[in-house]
Amino acid sequence: MGIFENISPLDHRYRASEPELWEELSSVLSEEGYLRCQLQVEAALVQALANRKVCSQSVADEVSEACRKITCAEVQVEEEITRHNVRALVNCIRERVSSEAKPYVHLTATSVDILDTARALQMREAVKRWVVPKTQALMGVWLDLAEAEAATPQIGRTHGQHGVPITFGFALSEYISRMGTRLQAMASGAQDLRGKMAGAVGAYNASSLVFSDPMQFEIEVLALLDLKPAGHATQIVEPEYMTDLLHSVVSAFGVLANFADDIRHLQRTEIAEVGEEFRAGQVGSSTMPHKRNPWNFENVKSMWKAYMPRMVTVYLDQISEHQRDLTNSASGRFIAEILAAYVLACQRLAHVTKRLSVDRVRMLANLNMHGQLISAEPLYIILASMGHGSAHECVKDLTLEAERTGKTLGDLVSEDESLAAFLQQMTDEQKTIILHPASYTGASEEKARSVCTYWRRQLEEVDA
Amino acid sequence: MGIFENISPLDHRYRASEPELWEELSSVLSEEGYLRCQLQVEAALVQALANRKVCSQSVADEVSEACRKITCAEVQVEEEITRHNVRALVNCIRERVSSEAKPYVHLTATSVDILDTARALQMREAVKRWVVPKTQALMGVWLDLAEAEAATPQIGRTHGQHGVPITFGFALSEYISRMGTRLQAMASGAQDLRGKMAGAVGAYNASSLVFSDPMQFEIEVLALLDLKPAGHATQIVEPEYMTDLLHSVVSAFGVLANFADDIRHLQRTEIAEVGEEFRAGQVGSSTMPHKRNPWNFENVKSMWKAYMPRMVTVYLDQISEHQRDLTNSASGRFIAEILAAYVLACQRLAHVTKRLSVDRVRMLANLNMHGQLISAEPLYIILASMGHGSAHECVKDLTLEAERTGKTLGDLVSEDESLAAFLQQMTDEQKTIILHPASYTGASEEKARSVCTYWRRQLEEVDA
Amino acid sequence: MGIFENISPLDHRYRASEPELWEELSSVLSEEGYLRCQLQVEAALVQALANRKVCSQSVADEVSEACRKITCAEVQVEEEITRHNVRALVNCIRERVSSEAKPYVHLTATSVDILDTARALQMREAVKRWVVPKTQALMGVWLDLAEAEAATPQIGRTHGQHGVPITFGFALSEYISRMGTRLQAMASGAQDLRGKMAGAVGAYNASSLVFSDPMQFEIEVLALLDLKPAGHATQIVEPEYMTDLLHSVVSAFGVLANFADDIRHLQRTEIAEVGEEFRAGQVGSSTMPHKRNPWNFENVKSMWKAYMPRMVTVYLDQISEHQRDLTNSASGRFIAEILAAYVLACQRLAHVTKRLSVDRVRMLANLNMHGQLISAEPLYIILASMGHGSAHECVKDLTLEAERTGKTLGDLVSEDESLAAFLQQMTDEQKTIILHPASYTGASEEKARSVCTYWRRQLEEVDA
Amino acid sequence: MGIFENISPLDHRYRASEPELWEELSSVLSEEGYLRCQLQVEAALVQALANRKVCSQSVADEVSEACRKITCAEVQVEEEITRHNVRALVNCIRERVSSEAKPYVHLTATSVDILDTARALQMREAVKRWVVPKTQALMGVWLDLAEAEAATPQIGRTHGQHGVPITFGFALSEYISRMGTRLQAMASGAQDLRGKMAGAVGAYNASSLVFSDPMQFEIEVLALLDLKPAGHATQIVEPEYMTDLLHSVVSAFGVLANFADDIRHLQRTEIAEVGEEFRAGQVGSSTMPHKRNPWNFENVKSMWKAYMPRMVTVYLDQISEHQRDLTNSASGRFIAEILAAYVLACQRLAHVTKRLSVDRVRMLANLNMHGQLISAEPLYIILASMGHGSAHECVKDLTLEAERTGKTLGDLVSEDESLAAFLQQMTDEQKTIILHPASYTGASEEKARSVCTYWRRQLEEVDA
């Protein structure tokens, strides 16, 4: 079969567009990848039994060996008979081991002990191997660009309107700072995922029959997988650990989407301050050959629109009746998609941002579009700080006059007798700002650099 | 590669569980299926040109022939060069036709003319071939069951508490009536999907160069596909036609979920009025062999939890800047998943409901759990209708007395002197209802039968 | 107490900003307004009893009179005792009528017969009085503007990039057409809301004790309110009628949001094709006195962000266990907010759009920003339609050359020997289009006018 | 005007039902409450100026005094002129101070410096005063109940089916543990909210004119309010701090909803293990006087359905173009509702849970419904742990035989010769469990007690 038979765009279109990354993600986030995690848990369980001398080490080795060999296809055949996925898995293991080992396979465990613990392993691994590194890579691209453009004047925009000047590096450092807190949340969220080995209703009923200290036994099994139990379990692990992790990923996706939105608007024909690089042979539009569409940035925003609402499913899955109903089972399988989509979007954004062309000349031209009108704010502040009683209204009147007469704000200030006394008090620096708005970037460069310095250091620590 | 490498559960787990249905759905809802629809549109466009003698019929035949042969894999190779999917598709067609035909391929069209029209074809076909028939099949199962149980007494439940009696057929007919309105909405929603051939910004710029009546030409192209244009187009078709269709599907999914919830609660150990049939060899729980879990009903509820929130994406995709931004492109690809998930859930529910066992004895026993207390309501109504001034309070006092003393409500009524005059006026039918609550089912049977009769007739009409 | 003590912004900020409209909306959408509808239902019920001679007309008159006088405050006092809102209401009515009338108050009805029927009345009235008229008023503003600007050239934009020209009236007619389908959906959705008088579990248990034809009696009660029953009821009306209405409102809100987004982007400093009028005294920004922010358009988008996700609640409320659980009760009360928010946004948008200034000079200047490069598309189409074998590539090369050399596309065409034969065949109209891109608006004007004509006629019909 | 004129149920129905709590919440979460926070920020700003000797302390005192006196009504009148809320506020302050003080009011600040910082103050105060304490109070009720019922046997339920036994205290301790992590997240989320004093685009443009160290000045202003700045600001504070707080509240709401669902199902007529206490005079149903509906638990679930989806709005508000667009302004005002709704639900749940009646006899009866079939699991585990090769299948066969013959599992084990050897090896404890399933509660009691002990200690620490 071919990939284009698949129904999910994740498994055809976005697989085709990033085949290497998709293969990697598949190794953990696919059904096959999930099965591998389940088999790890089954093996750890028997190993913990061996550590306690309930069975021999050779039994544990046998089971461990069997677990390395089992495939999804094999389990699927068995599941068609049992109609129960974990029972099918257990049968497959037992078929591969000696009759001495058979009784110890899955001993004291309930299905969800395996499934939920495996899900924690799977998600943690996906976060460690791709979610965190791809986020770091993107932040690296942002850091390089923000530092390179730390002093590049750009007009600040609020409401889509020109406000006061910033630098482009300052604008970029916003995303570094915001993504930084997301990176930490995702990394610690994954680190804090929990497993369980507490049985069918979470009360250690089965394991209490075998051990006088079943809670300690659970700790031992999970420790072999570098996991801890939650404070309490029913048939399932407390859902909030996973809910928190997914919140961190979904909110990080929101930062991607905001950045993508920002950059695609800066590529508007009338603004044109940055541009997405086109490869040779690439077609912008099938009928408008001159267009250069910011389609990769649009794609990232669009993927966020597809995945962000799935957080509602995650919140719905917090609710499970009594010691568990199964209505979080199918829905819970889809969370792997959220991570895959985030990683794909992250890589795409890093790739295209690395090749972003920045048009500093255009940035400056845009900034100066309204001439000295941009200086209305500094003028008002300077006047007010000198004690002018109605600085705001005074400057507003001047701007209206400037618009009407075409004169510059600087000229109008010079001509206005009521301002003469204030003008005399102004420092040269203040006068420069009024005449040359591009110099009115406040602490933009300093802020951009300090954000970059801080997060370069932090990124190294998250790595470690 | 195997299906278990896929990341979306739709493409591994739910493919594995329903392989035949999945293959069918894939033929239309996969990337391959979508491409087939795009090729249909490209072929129709050239045919419409031939109908107008812009090109010869043999050119149209050549293009049509080429469109039948092209595969996704071929287009994908080309897309890696062009980075533009429709341009890649057009190149593939042109490579397969004579130089006489080449200029007419895609002539006057913009990419989205093809993509959006193809999406309408794809979704309409999926609704016609599976969404509607599988819904009808489910309704057929419900109709059979509702008619068979039209007279079976069951306690009506509100707030999870026993209310007054109904029949089980009456309870089932709720879902028939509700799903009936959904079926009609889905069928008409699909029928009302629109296409376009209005060019890059919807203003027929390109086609105006070739035709003096470009709107008429659009009508002709779409007519070959049995489609109509919307009232207006930008680069894209007005989104609300698809939004409405998806609302109808998502709200139909809600009816599935409600039915599933209802039935799984009726399977609670303490209620046990119905049961999901187990196959030989099936395992209910890996550690509690006596359990019979309503897992198929739980699965349907869970799939609804996974898919309902995606309607938020559909609403987000209503918004597109100016004559279109591309942020609805990736997200718009995922709507195929919603239909696939709905169809899978529908088939599963029909399958398991067909095999549902109904325990009429248990239903009656549950109804009679509280003896004649259930008759509190009819007693109150009868007294009130006879002019008793405080019937509600009077009956409430009697029920408290019944609970305290263990006496039946019937006995207490007989003993109560203040009620003697009322008792004498009661008809035999009214007395029967007070003594035998199971007969107090109101118009349940009649309603169940009339709903069934109505919808059996309607189903035939939707078929036609 | 003052309105600023309220917690919901709907009840303080948005009340303060539109006091007259808010008062009107409150008369129906508040708790007081809902109570009025409940009292209408109670009165209709007794009237239907009188029509059947179950009670006298004077009893019905007495109840009707009492229902006109009851207030929320009175019911609230009673509810503190009964802890049940409808029982409290019934007690209040009964206290106000003679002992002859008392037994007939609420006879055969269950609470939700009153509540759900009243909700249908309330929502229908709100749609009739404000949702539809305010939408029509907005469409009226759009129609006036679209017709006034039907021939005004504007650059069409896709991906935020210049595409090919349209007219501004064409751009506006998009929203007329889309909102037109929403208007019809909202009007018919409200008209199709259903009531019930089918008792505690929908099976007419109580009314069957009094009437041999309880379904007919339900029809009679509802007919007095100009309502019909749904195909089936449990304790509640089938939820899908309200779900459909709310979908129509939420999707109409999406059209508002899209329009608002479109217009606010057209107000970007670099684009500046339209402007939101400022009142005397109004302040754009507290520190940037020259700014003219599109804050009303931003507000509409923001309100949509606040209300669209509430559709998830509506979908959740489709699910109710057995003959009803109460978990849709509180959540169902909040739907009144959705209508109020929609109406407020609609009125705001109409108000501000009416005063929108259109800068036709700037529109034309923006269109001509790239000179004849805009003509790349028509040139390609014309060449292709004349049989040029690789028109797309040829034109793409010319545009790159134009960008490199600064020459116009027209000059490059004239100079290109390979195009000489094609140039000779071109009509004057075609040549004009290549030299003057602003004339390349396709069928924009015609389309704008036909959409306007169609919807002006339709609006009158919805009115009728 | 009366409260029943309001449109939001929060401001009429839920205000009426909890008047004292509502008044408290209103003091912070209303528009009036928000204004108070804004005035605190304006006062802190001038105080920081005085601390730096930019103005005199008496100026700061004057402003501070003015800020204490201003009301919403006053600001509203001014806003009708300025159409700008913060400018209106500033004008009101300035009107109340001397001409010496006027220039220092709002100096260097932009509107959103005030608004976003005030929002942080408001939300933090609401969390501190009600969200955390009401959550603690609810946990206190749960702790008391869980400890009282730590040893009460109850059947564990999965899929709505009887599983293996637990204790009721164990079931309750689930919610304590889950809510514990939420409590910590809410408390730290509120503590981590950030403010800003970074100007119109976040680059300290205005304050750079006045101070050489504007970032330090921001720190000083915020320190007066016990706040810190985020790593970066645009016009607005980085949204993720608030997003995280709201996630913690919404996910805590999910725990409330899960508990409410659980308890209302345990109140089902057929289960009836717990009951919601009814007050004298309270009416369960207007027509079924014997009903005891779990309406408070239903209300909590329903409120969650109304509020959980609003998290989608919060995620949408992460996106703001460039240095800010205003489309998060109106939507951002509604977050106060989420906190109010959560607090109301929390208090309601605490109130009703405190009065919950627990029917231990019924719990035990339900547990024993299936006699020794419940012992299938322990029997299987015991046999497997003794090395029985196919314990699962063997026990499954025995349960089927028990169902068929009506014999107890214990008898069948005794009769089965193949099990004789195993039976001999069993400890007395193991035999007891097979004969008396109610003793098979695993580590339920121990777990319940340890969870309670842990969280009692933690609660004290959060308090401190």
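Each chain gets a letter, A, B, C and D, in the order it is written, and its residues are counted from 1.
To be clear about the criterion, a contact is a pair of C-beta atoms (placed from the backbone, for glycine too) under 8 Å apart; a residue touches a chain by one contact, two chains touch by 3 or more.
Remember, predicted model here, so these are calculated numbers, not experimental data.
Considering every other chain in turn, the ones in contact with both subunit A and subunit C prove to be B, D. Chain pair A-C has a twin interface among B-D, A-D or B-C; that twin, with over half of the contact pairs alike by residue number, is B-D. In summary, the pair subunit B and subunit C forms a contact in which both copies contribute largely the same residue numbers, shared numbers making up over half of all those used. Centre to centre, using the average C-alpha position, subunit B and subunit D are separated by 34 Å. Centre-to-centre, using mean CA coordinates, subunit B is 25 Å away from subunit C. As a whole-number value, the distance joining the C-alpha centres of subunit A and subunit B reads 33 Å.
Counting only residues that touch two or more partner chains, subunit C has 157-160, 163-164, 199-200, 206, 264-265, 285-288, 293, 295, 298, 308-309, 311-312, 325-326, 377, 381. In the complex of the two chains, the subunit D residues touching subunit B come out as 155, 157-164, 264-265, 267-271, 285-295, 298, 312, 366, 369-370, 373-374, 376-377, 380-381, 392, 395-396, 399, 403.
Interface residues of subunit C facing subunit B in the complex, by the touch rule stated above, are 54, 99, 102-103, 107-108, 156-160, 163-167, 170-171, 173-174, 176-178, 180-182, 185, 199-210, 214-215, 230-232, 234-235, 238-241, 243-244, 247, 250-251, 254-255, 257-258, 261-262, 265-266, 308-309, 311-312, 315, 318-326, 377-378, 381-382, 384-385, 387-389, 391, 430, 433, 440-444, 446-447, 451, 454. Residues 1-13, 16, 22, 25-26, 29-32, 35, 71-73, 76, 81-84, 86-87, 90, 106, 109-111, 199-200, 206, 264, 279, 281-288, 293, 295, 298-299, 301-303, 305-306, 308-313, 316-317, 325-334, 336-337, 340 of subunit B are the ones touching subunit A in the complex.
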